[in-house]
Amino acid sequence: MTLPDDLAPLRRKIALACRILANAGLAEDVLGHVSVRAGPGTMLVRCRGPREEGLLFTVDEDVRLVDFEGKGDDLDPWAVPNELPIHAELLRARPDADVVLHCHPPSVLLAGVEDIPLRPVFGAYHIPAARMAVDGVPVYPRAVLIRRPELGRELAEAMGGSAVCVMRGHGITTLGSGEHAVEQAVSRALSLDTLARVSVERARLGDRAAVLPAADIAELPDLGSSFNDLNVWRHHVARLRLAGLTLD
Amino acid sequence: MTLPDDLAPLRRKIALACRILANAGLAEDVLGHVSVRAGPGTMLVRCRGPREEGLLFTVDEDVRLVDFEGKGDDLDPWAVPNELPIHAELLRARPDADVVLHCHPPSVLLAGVEDIPLRPVFGAYHIPAARMAVDGVPVYPRAVLIRRPELGRELAEAMGGSAVCVMRGHGITTLGSGEHAVEQAVSRALSLDTLARVSVERARLGDRAAVLPAADIAELPDLGSSFNDLNVWRHHVARLRLAGLTLD
Amino acid sequence: MTLPDDLAPLRRKIALACRILANAGLAEDVLGHVSVRAGPGTMLVRCRGPREEGLLFTVDEDVRLVDFEGKGDDLDPWAVPNELPIHAELLRARPDADVVLHCHPPSVLLAGVEDIPLRPVFGAYHIPAARMAVDGVPVYPRAVLIRRPELGRELAEAMGGSAVCVMRGHGITTLGSGEHAVEQAVSRALSLDTLARVSVERARLGDRAAVLPAADIAELPDLGSSFNDLNVWRHHVARLRLAGLTLD
Amino acid sequence: MTLPDDLAPLRRKIALACRILANAGLAEDVLGHVSVRAGPGTMLVRCRGPREEGLLFTVDEDVRLVDFEGKGDDLDPWAVPNELPIHAELLRARPDADVVLHCHPPSVLLAGVEDIPLRPVFGAYHIPAARMAVDGVPVYPRAVLIRRPELGRELAEAMGGSAVCVMRGHGITTLGSGEHAVEQAVSRALSLDTLARVSVERARLGDRAAVLPAADIAELPDLGSSFNDLNVWRHHVARLRLAGLTLD
């Protein structure tokens, strides 16, 4: 992903991502943030300003350019997230990632603390979520606030090479790469939420479902990012418009 | 059902059907489609265009005229559903059907994977759903993406002579016939969702309900399509209007 | 309750009652109706017209003046409810009642078919619902469509002297009397729904709650109709206004 | 907290607090109230006027200045809450408190009557709720209407030195102090609701979660009132604006 000279469209896209997460129920009130790698040691990240109103009401100006220590001329009077090390340490540890997303879906909280497995029992209902269950989702087991670099490194280590992670008692982190990195990170967060929601509902019903047979898993093709990520993104942008939450 | 020369009203009706399904919670984001038989070997079907925003935002132009192989002058730059064989093979196998509807209600997903029976334990609460439970709902057991004709034929075979089918780990398919075929297929999808929702809720509560006695089932008359299907359709069109989702 | 010469305000009140029930989730789509005694052997009742859109969209014109057999000059082209005998037989059997209300709350359906007791375990959380639990709620055990007078009489008999009734596998009926009879019948339906919702939720959690001690029940005074019924009515009219569903 | 000469901004803030509680689902229809200490033996408190429409529709004029016996020139034709003793006795017993808030969250009702423990099993998901679970939440065990001073004193005694209290079978009371006392009491009510909602959901799933280890609790800092309370308050004011419920 090459960063454009004019950062305005990227600020806008990050602001939309924050609104989408909140509008889809993956973020309670003021907690959660999204970043984009902006160059060696710098990122654009959703910060908190003096009139902070929560993720659902993010505006372009909330997205600021800072270095990995959270410093930068662009910042004041905004403040970087307490958990900036989530972004800094993952952008450091994962050169393949251009975007880091962190939020708190209630479904994932429940699946995490109650140790509910995220098993592949459905298929064409939601192929990206099904494939995530097949691949497995790593768990970072500590419910701590990631406000120090060493905690961010612990998280990155737990995440390994995966693009998604359950943070038990806390939330999730997802990554995105390439031209549609923001859309991809959002789409992965939505898929993980779908997987967790179905898994929690199934746990309430006895968790009797059989794992899909290999022959059926083979009939669940990756439909590609332009199908999965861009269509899902446009859908959620349209939902923002319907809710009176558009930024245009 | 005789197809009108002017296809515009039918495109509109299919677009409304898609919006109704999504607004009633039977379709997550971009997955689901509705078709109408348009002549020997052709159908009108909800396709995906370059500005696809999901079922809730379907517009008339998303409904295109194609043959059973998914070809046609009317198509470009839209793309037929990956699962066109659901429509083609059912329209082939079921000459009695004029409409094929496919979507992904979360309630049916849960009932399917957790093997929750859809038993007739309620009556006048919802007569069409009660009668569906009495008649029984066939299950297609594979969670695969129906993107090849042989998979479509498997589905048609599992469905037998029924107008509705649970696709385990995937979704549902319903059919409609006659003058109000679209309304009927939508009404059947809504009834199946009601039946599945109540069954899932009951499973959480222990599934202790007794099946209705025959004497009570006899007092649940078929109130006819103009009562069931048209009133339900107008209700959901009015809900679209209230939600700011009308197409007029 | 003395019927005013001008029936317009009463038609309006019945229409609002129908909208309130639907907006509060006590009526799925097109099922449910409310009647007011209009004289010896006549009633005003919510009917279905040629443009029926469901309870949430009831208009004044949907409320028609008919006799207990469902005949009247005022009717055509509206049709009386299939279940008019609910209204006719209760107005006959219960001279103390001025209003009959029938609808299908999902919570009561679940409590009914799964035999979940409606026990008095809460107090000041909702005093009218708590007192309803203390008094007990009769159950009509058949899920039949009440479209014949003898079925209406069965219902009236099951109801006895109570102002509310659970119709197992079907819905509820509530009565109202006096100057604020419509508001009272609506308030009772809402209280029964609250009682059923809490009872169903408690059943999911093990139903471990102890019944309230008599000393605490004695501290739950009847706050009177003007407190309970009129405040609740105005609240729900305001919710209609907020939802864009006002009739003014 | 020094009371301003002009009470208008404080009336507005109390009205907003009532709307926020209702809009966030912590108050059913007409039940709940908020007060602010206004001087020795007096308070501003949310009252019921002749056009009462419920907490969600509170207006500035609903907030009246009365003494601890509920008398005052400012009152008529408003009426003080039946449960004024909640406010009077807590303002008497707790000189550290400037605000008393009372409402009826459904989640807390369920947790209370079903004896569901509010244990610290999550962390950074919601730090104020996690810390509330660590500190413990006192329970007032009676479901009575607090309409006499001795019942209010019972409640104050059960509450001890805590800023929050579960009233079993009834609702909650929270306190606030200092410059942002109203925001703090609202934020505490929202945190208690989050804690109860997660605990109830966990109880449905088996309540298998382990309590957080001390090492992880130590990594959950108090982020301070300006972070917790003011950001949360602004978020909920923005939600009122989005819902068409602003008072400006």
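In this document, chain identifiers A, B, C and D correspond to the written order of the chains, with residue numbering beginning at 1 in each.
Definition applied: a residue touches a chain if its C-beta (ideal position, glycine included) is under 8 Å from a C-beta of that chain, and two chains touch if they have at least 3 such contacts.
Source: prediction; values computed, not measured.
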Centroid comparison with chain A (C-alpha atoms), farthest chain: C
Angle, in degrees to the nearest 5, of the Cα rotation that carries chain C onto chain D: 90
Proportion of interface numbers common to chain A and chain D (over half same, under half different): different
Averaged-CA centre spacing for the pair chain D and chain A, given as whole angstrom: 32
Chain A-chain C separation of Cα centroids, rounded to whole Å: 46
Residues of chain B touching at least two other chains: 204
In the complex, chain B residues that touch chain C: 121-127, 130, 194, 198, 201-202, 204-209, 212, 216, 219-221, 223, 231-232, 234-239, 242
Residues of chain D defined as touching chain C within the complex: 28-31, 48, 51-54, 56-57, 82-83, 104, 106, 109-110, 113-116, 142-147, 151, 167, 169-171, 200, 203-204, 243-245
